[in-house]
Amino acid sequence: MKVGLFVTCLVDVARPGIGFAALKLLESAGCEVVVPATQTCCGQPGYNSGAREISRTLARKVLAEFKDCDYVVAPSGSCSGQVKASYAQDLFKDDPDRAEFEKLAAKWYELSDFLVNVLQVQSVPGRFEGTVTYHDSCSGLRELGVKMQPRFLLSMAGASVAEMAEAEKCCGFGGTFSIKLGEISTRMCENKCASARATGAKAIVGGDLGCLLNIEGRLRREGDHETKVLHFAQVIAGDG
Amino acid sequence: MQVQSMFFKRRASEKLADGLLQANMRKAKGKFVDARAKAVLEFGNWEPLRDYAAKLRDAALADLDAYLVEFERNATRRGSVVHWAETAEEACAIIVKIAQDNGVRKVTKSKSMVSEEVNLNERLEAAGVQVVETDLGEYILQLAHEPPSHIVAPAIHKSKEQVADLFTEAHGKPRITQIDALTREAREQLREHFLSADMGISGSNFLVAETGTTLTVTNEGNADLVTTIPRIHCVIAGIEKVIPTLEDFACLVRLLPRSAIGQSITNYLTLTTGVKGPGDADGPEQMHIVLVDAGRTKFVGTDLQEMLRCIRCGACMNHCPVYQNIGGHAYGWVYPGPMGSVLTPVYVGIENAGDLPNAATFCGECAVACPVKIPLPDLMRKLRERQFDGHLRPWSERVGLHAWGWLAMRPGLYAFATGWAARIGSWLGGRDGLIHSLPGLDGWTKGRDMPAPSGRTFRDLYRERQGKR
Amino acid sequence: MSARENILARIRGAQGKPGGEPTAADLGRVRAVMANPVNGPQPAFAHPPDLLVQFLKECDRVGTTHAQVASEADIPREVARYLAAAGLEARIVAWPAFAHLDWASAGVTFESRPARRDDRTGLTGCTCAVAETGTTLLLSSPDQPKVTALLPETHVCVVRKSRLLGTLEEAFALVRREQGELPRSAFFVSGPSRTADIEQTMVIGAHGPYRVHVIIAP
């Protein structure tokens, strides 16, 4: 089974460790993983900023890069949401290539969803002692139905998950929103941090690096250097 | 209402710093959301109902012209006078003229958002007509000289203490702060007005084409007094409100109060069709219906037409994390939250409300909550596309997007640039790995640190790893 | 051109339809839709095994109190009992439909006229009641003034068991069947008036009645 890993642009630049954790998880489950070297970005920043043509061009590039894979997996609900819910349904709705994008969407999975529902893994390499709390990222949750999958994997790693109040509430990242409307974004993140901290968990775990950088940035600004902020892939791969 | 949406950022910033407002918003936050969730669960087949309602609204909009003509025909047959207004100005002029022609001195009003859109109160008052808002929330705001901050709960931003202050000043009675006593005091004050008004003005949640019926969905009973007691009843409604049949209303009213406040039904469904009949003990002698365009046709036939499905329940704002933190006034016009971020730019011009379509993280909660399945984030994105294509965003944003798009299509160059970005970022992060401030990113770094990149890109490290293998 | 013509022409233009007014075919199409009303999805509890049980359950939820009487002749005694229990004066204004009952023996002062501002209790009937939501439908007519249900602080409403329906759709069908079309006012009441406009805290008794009491009669 040939699985393409879509690293995501944020992971590539900011936290390559998450990419390697994903790689490790897929390989240890017996997948043949390919990582197309030319990959850059799914186009979502442009799409959500109104630059439709730019995002269409990038979508075609993604399609070309992963066309030959049986599956494509990304450690991000946000990028996966872009590919699965926006390419065929919106960007190429009236395009002759629509069917190609539908095929891409059908074989594209968010990492936790792939591990649980396609590979049906029964164990994970990582061990985590203690309590974590899980932040549901918006796209993964509402576009892809990612909810129990990461929690299931975390419990496989031995972590106990303490649910925070309003776990499904947006953290305020929203891509360029976090810069364009920074004050509102910061307040939303402040609320998220307060909910997370109230659980007493020693780590806040999520599935999208954008949210995680936002949450970590706010925690550190508030003077909290203790609480860890981790991608679930790091935790369950034992790289946390 | 005067458009202030161009000042969204500044206003939002003021609201974030307003401790009292923040406390009031926190108190309100969960109530609507929890009540709706419970009502939806209890209903059972909620999703089929939403699907059905969305189709029903689309079908009505697809034949909007024909349904309006049929509505007019049936309303006229029952003795109503139907007026058409292309603009806010025209709508006001029609109603002021009705008042003047009939020697109207006092008007009681039940809540109408369209009337807020067109500045009706101001225009009537300028013509010497006293206007009394009778919805409790609207009454409070009339005393405070403030616009509503929510389309269902207009005074959601006020605390009971603030209401007590307003009542003490206006009614000249001892100050009380219990909510039930405040409500009773308003009832007593307003009863006088209900009985002495010459004309009642109401909005209409729907216009039923089949019967020529206008209708309101309320809890307080004020709309009933407004539409029953005065000798003239005037309805002001947007043209998109028309639905074919009473059965369609039965369907939509299962969605509306549940989505708005978690009630299975409002206390009163008030259906009015024409004027007082011969021998009737109550009801108005004249019934006027003003059908208002004022920007609605700008949605028709465009990729934003789905917005006209809106049944004004407020669920999108109740669930919106941006609204929850800044309240309705920050949006600077009648309609706040996600629905306002689509309506306002089209009604008042996108150049006057450029921040609104951008005031969303696209978290999607509004789209899930919307009872008629309006894809609000998609519509906001389409407005962003109009802004991008029309050069209506700052040049820096535009140049940045083009540069990013250009680079992302050139993997070699992209790898080189991101490689350096990762190294420089890591260096900027210093010992604690945090960037505390960065020019151009101050929107982020004002309230948050930027966790620094770890130093090497995935692609570099991966290539190395593959080389070793 | 009038505003009407402009608006209609703009809609048609935007939707790619020819001309400035709906064509005969357009009107024919929408008339066919209106002539054959279709019901949307309804909840399971709109079709309960026992309409009365569902109706009373919803009455409880919306804050409507209720009692049942064995015959029409028992209505005055039930009204007297209810008013006494609520600590209210035994005086009512009512729709004329109740004038023939023996109010004197029940000790209730009865007036058959529309309610005025200072009346405390209004007694009305209803055209039908809807079990799904605990709702009564009051239609206006010379003998059925709406103000009697609206101005007094207490509204007592008599519901005939035979007029108990499941849904709003059934109520609309009944009105079409019996009256041809809606009268000037069709007033659906579900419990005492309320507001949550101050701090989203529900308060019973806004501008309409504080109390609604339903009497189920045969």
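For the reader, a short list of remarks on this structure follows.
Order of writing sets the chain letters: A, B and C. Residues in each chain are counted from 1.
Just so we're on the same page, a residue touches a chain if its C-beta (ideal position, glycine included) is under 8 Å from a C-beta of that chain, and two chains touch if they have at least 3 such contacts.
Keep in mind the model is a prediction, meaning the values are calculated, not measured.
Among the remaining chains, the Cα-based centre furthest from that of chain C is the centre of A. With centres computed from CA atoms alone, B is the chain lying nearest the middle of all the protein shown. No other pair of chains has as many C-beta pairs in contact as B-C.
Per-chain CA centroids place chain A at a distance of 52 Å from chain C.
Here the spacing of chain B and chain C, counted between their Cα centres, is 29 Å. Between the Cα centres of chain A and chain B there is a gap of 32 Å. Those residues of chain A whose C-beta lies close enough to touch chain B in the complex are 7, 9, 11-17, 19-20, 35, 37-41, 43, 45-52, 54-55, 57-58, 61, 90, 138-139, 142-143, 169-170, 172-191, 213-214, 216-218, 220-221, 225. Chain B meets chain A in the complex at residues 9, 12-13, 16, 321-322, 325-326, 355, 358-365, 367-368, 378, 381, 383-389, 393, 397, 401-402, 404-405, 407-409, 411, 414, 418, 421-422, 425, 432, 434, 441-444, 446-451, 453-454, 456-459, 461-463.
Interface residues of chain C, counted against chain B in their complex, comprise 2-4, 6-8, 10-17, 21-22, 26-27, 29-31, 33-34, 37-45, 58, 61-62, 114, 117, 132-135, 140-142, 145-147, 150-151, 167-169, 172, 181-201, 203, 205-209.
On the side of chain B, the complex with chain C involves touching residues 24, 27-28, 31-32, 43-45, 48-49, 52-53, 56, 59, 62-70, 78, 84-86, 90, 134-137, 140, 153-156, 158-160, 163, 179-180, 182-184, 187, 190-191, 194-195, 209-211, 213, 219-222, 224-225, 227-229, 239, 244-251, 253-254, 261, 264-283, 291, 293, 297, 300-302.
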